[in-house]
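The two complexes that follow have chain A in common; it is paired with chain B in the first and with chain C in the second.
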Partner chain A sequence: MSGREVQGLAVAVALLLAAATIPFSGSGYWLGLGVTIAMYTVLATSWALFSGPTHYISLATAAFFGLGTYVVGLGFEVLPYWSLLLIAAVAGAVLAALVGLATLRLSGVYFVIFTLGLAELVRQVITWAQNLSGQKGLYVLTQITEAQIYWQLLGLAALVFLAGWLIGRSRLGFALRIIGDDETVAAHSGIHTARAKILLFMVPGLVASVTGAILAPRYVYIEPALAFTPILSFQVVIMALLGGAGRLWGPLVGVIPFTFLWEAVSSNFPNQTTLVLGLAFLLIVYALPRGFAGLFDDLRQRAARREAAA
Partner chain B sequence: MRQGSPILALRGVTRRFGGLVAVDALDFDVEPNAVLGLIGPNGSGKSTTLNVISGALQPSAGEITLRGQAIAGLPARTIARRGVGRTFQLVRLLASMTVEENVVAGAVFGHRRRWGTDARRVARELLERVGLAGKGHLRVGQLTYIDTKRVELARVLASDPEILLLDEWLAGLNPTELAIGIELIRSLKAEGRTIVLVEHVMDAIRSLSDRCVVMASGAKIAEGTPDEVLSDREVIRAYLGDDDA
Partner chain C sequence: MDILIIGLLLGGTYALIALGLNLQYGVARIMNLANGEVLVAGGFAAFWFYTAGQVSPILTVFLVAPAAFLLNWLIYRLMLERLVRRARSRGQLEVDAILATFGLSFVAVGVMLAIFGGDYFSYAYLARPVEILGETYAQNRVVAFLAAAILCLALYLWLNRSRAGLSIRAIAVAPESARLVGIDVRSRAAIAFALGGAVTATGGALVSSFLTLDASTGVIFTLKALIIVIMGGVGDVRGTILAALLLGVVETVVASLIDPGLTLAAAYALFILILLFRPQGLFGRRPT
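Right after this comes the complex of A and B.
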């Protein structure tokens, strides 16, 4: 590891430890906000691991997230909780692999539409199955506290950052960057493009499913419309792009301001949240195509150039 | 005339696009360590032939063998891993990466695989060889046209291919650059590589090719040494029309 990497790791560990103390503050408001930020950090960061290098915009987050909540909702009375997290992980990864096999030959807008449709499809299937059994939703009544949920999410966030760091140094990560730049060149350089894309698409699938599983006890009552809400997929995309999907830490700097903004708007103007989403999207497209991380890189480069000129 | 067995052989290779036959029952052999010039008027099917050999396109019919093994219809990645490298008619670089990373990209997954410092060392050596020493940190957007061609060649060479398919690699260069380019290709032959050259620059064809295959409307109309084919009446007719033949 280079000096800069050690420095980065130290900062990351310090931030993580600081974040881990929030439940001791005794404030339910801050803890609730912490859960939300940790959740979106996990989702947006893992989303960017695949969509950042490949530029494939996936709107399937809600499908995987909902899958995870339903694994816990259906299994918490029969199986130990920790085993449900494992099952959710496997289910998310398998679903992602299947989606990948079916769709990664699609390019651009077709992929986007398919992933959006997938979340809707899974939601409809579960609604239909529940109608057959006569239920509308599921009660998830557990002893798990808000603080425990928060710590689990922090642990998952640490794993996601670690995985992202490892992928960034791996051949697989490099292959994905080549694919994102030019898939023809990638194939002619000897890369199995479909396999590389599917393997990496499984990471956000797995993570979103586990996130759903961790959060299910917080909802207490889950139903398809809540667990598979499409707005979640859009929020994750907007936050990741706002922060910058090209850097591992990029999505985090999008998640934090966006969560505060979202909280403020939804408590004061509950009907205008979609407007916030739309405005944020316009801001990204017109002013921040590479997010805050890209802006930061540009400013640093400009500073370096000025120094060189002086 | 023929010595030994060809490293690359095409038999009856055909590629159709709907009703258009872009490559029509093409046969030719490439001897090991030879330079084969593939020439012909625009639209005669040269680039399509390279695309079929490299796996960018699937042949509609016919056989292609590499050292006696059938490769027709295999995916591009497999053909690349077996030692066939190519450049593209319209230069294709990796825009988000530095020059050095572009070359490393060729070294990691192909015919000969390297990683980490080893791959970076090979990339720097190749950049020096193609005349880009010290430019490894640049973004590809900052390069001149000939330099983008050099980067692409270095990327292909990074996998240490046995056969190089160069699709108009010399096109668009000024006379000085052309002389440098021809020298570079000659040095690749000197180190034992086999080269298939699709080219419009006749000086390059004359000075580099051991043999030439001339295509017109997808079919082979002549084959032989550069001097033989360039004085062939069929070839002159294909390029210039009936009146001049």
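Right after this comes the complex of A and C.
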């Protein structure tokens, strides 16, 4: 590890420890906000692990998230809780692999379209299955507290960052950066492009599914329209791109301001949330194509150039 | 048998909507995810004119189409052309276009929610029975199908026979070479995009006469149109029409035999089959 990496690691650990003390503040408001931010950090960071280097926009977060909540909703009375997290992880990875096998061998557009409807598709199938069996929703009554949910999410966030760092240093991460730059070149230099993409797409699928499983006890009552809410996928995309999907810490920088903005808008103008989502997309495309992280890099470069000139 | 015919009638209007998207994606290279909102806006216009002044949706089309043409032309010229110019590769343009049109689609939904509220809207236009081959069908579906069929035919002839139509197809096939033979690619692409929007809005006005819409249903139509375009092949009018009819029939079969809540699942099943076995489209040739 170089000196800079040690420095970065120390900052990350310090931030994580500081974040872990929030439940001791005793404030329900801050804890609730902490859970929201931790959840979006996990989702947006893992999203960017795949979509950052490959530039494939995945809109399937809600599908994986809902899958995880349903694993817990269906199984919490039968199996111990920790085993459900494992099952959710496997289920998310398998679903991601299937989606990847069907679409990632082809061009990116097919992938976007497929993921766009995936949450709705799974929702329709589950609603249909529920209609057949005659039940409407599921009650998830557990002893798990909000603070425990929060700590689990923080632990997951640490794992995601670690995984991102390791992937960035691995052959797989290198291969993906080449694919993102030029897929033809990647294929010609002997990279199995489809396999690399499918493998990496399993990471956000797995993480989103586990996140859904962790949050299931918080909902108490689960039904398809709640678990598979499509807006979650869009929020994650916006947060990750707003922060900058090219850097590991980028999505985090997008999550925090957007969470506050979203809270403010949805409590004051609940009917205008769609409009805000739309404006955020346009802002990213036209003003911040590389997110806050890109803006930060530009500023630093300009400062360096000015120093060199002076 | 009646399921088959209802499916074909539905597929006819899908064909029109998907042709609009195909013009936008095939020629202007913009994967327009706001397509469904254009459709819903067309439907809103038809609804409004019908309830306010008893104007038939068929007549409203003559107002909706030019308005949608102008609006889409402006959107392309003011917003999307910048992305085309900025993009260094096809892939980058696709990502930018997807995000930008997503933004537009959400903004459109937000605006429509603010104006019309979140209610479903429908009206009873030509809700009389009509008899075909011994079975009865709603007249509005038949009329919508006939109007869609005439428009599809007109578009097909225009694209294959007229000079302007041929130059638009040339751009779809080879944008670089089209420029070399003296076609103004930029302005033609804008026209194709605008025309695609007009066709989709027309489809929306027709669909609204027999389907219930609300401000946020657009995305479902976008998805179906996308699936049809991919099934039929980008830039292929025949394939698009066939794929649309196929989707209409499959959806109707699933809705009436299994469960009406599974229509999107049915569309997806078709989509997966196409992706696995004919990713180049129904009539497409395998790239060598």
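The criterion applied here is as follows: the second predicted complex is superposed on the first by the 310 of 310 C-alpha atoms of A that agree within 3 Å, B and C clash if a C-alpha of one lies under 4 Å from a C-alpha of the other, contacts with A are read in each partner's own complex, and residues count from 1 in each chain.
Throughout what follows, a contact is a pair of C-beta atoms (placed from the backbone, for glycine too) under 8 Å apart; a residue touches a chain by one contact, two chains touch by 3 or more.
All values reported here derive from a predicted model rather than from experimental measurement.
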item: Partner chain in contact with A:Gly108 - chain B first, chain C second, else both or neither; value: second
item: Chain B versus chain C as contact partner of A:Ser267, first or second or both or neither; value: neither
item: Touched partner set for A:His188, first chain B, second chain C, both or neither; value: first
item: Superposed model, chain A: greater residue contact from chain B or chain C; value: C
item: Partner chain(s) touched by A:Arg177 [first = chain B, second = chain C, both, neither]; value: first
item: First, second, both or neither for A:Ile57, with chain B first and chain C second; value: second
item: Residue ranges of chain C in contact with chain A within the complex; value: 31, 33, 79, 82-83, 91-92, 94-96, 98-100, 102-111, 113-114, 118, 216, 219-220, 223, 226-227, 230, 259, 261-265, 267-268, 271-272, 275-276, 279
item: Complex contacts: residues of chain B adjacent to chain A; value: 54-56, 75-77, 80-81, 85-86, 88, 92-97, 104-106, 108-111, 113, 115, 155, 159
item: Residue ranges of chain A touching chain C (in the complex, touch as defined); value: 55, 57, 102-103, 106, 108-110, 112-114, 116-117, 120-121, 124-125, 127-128, 131, 183, 230, 234, 241, 271-282, 284-286, 289
item: Of chain A, residues touching chain B in the complex; value: 171, 174-175, 177-178, 180-182, 184-185, 187-193
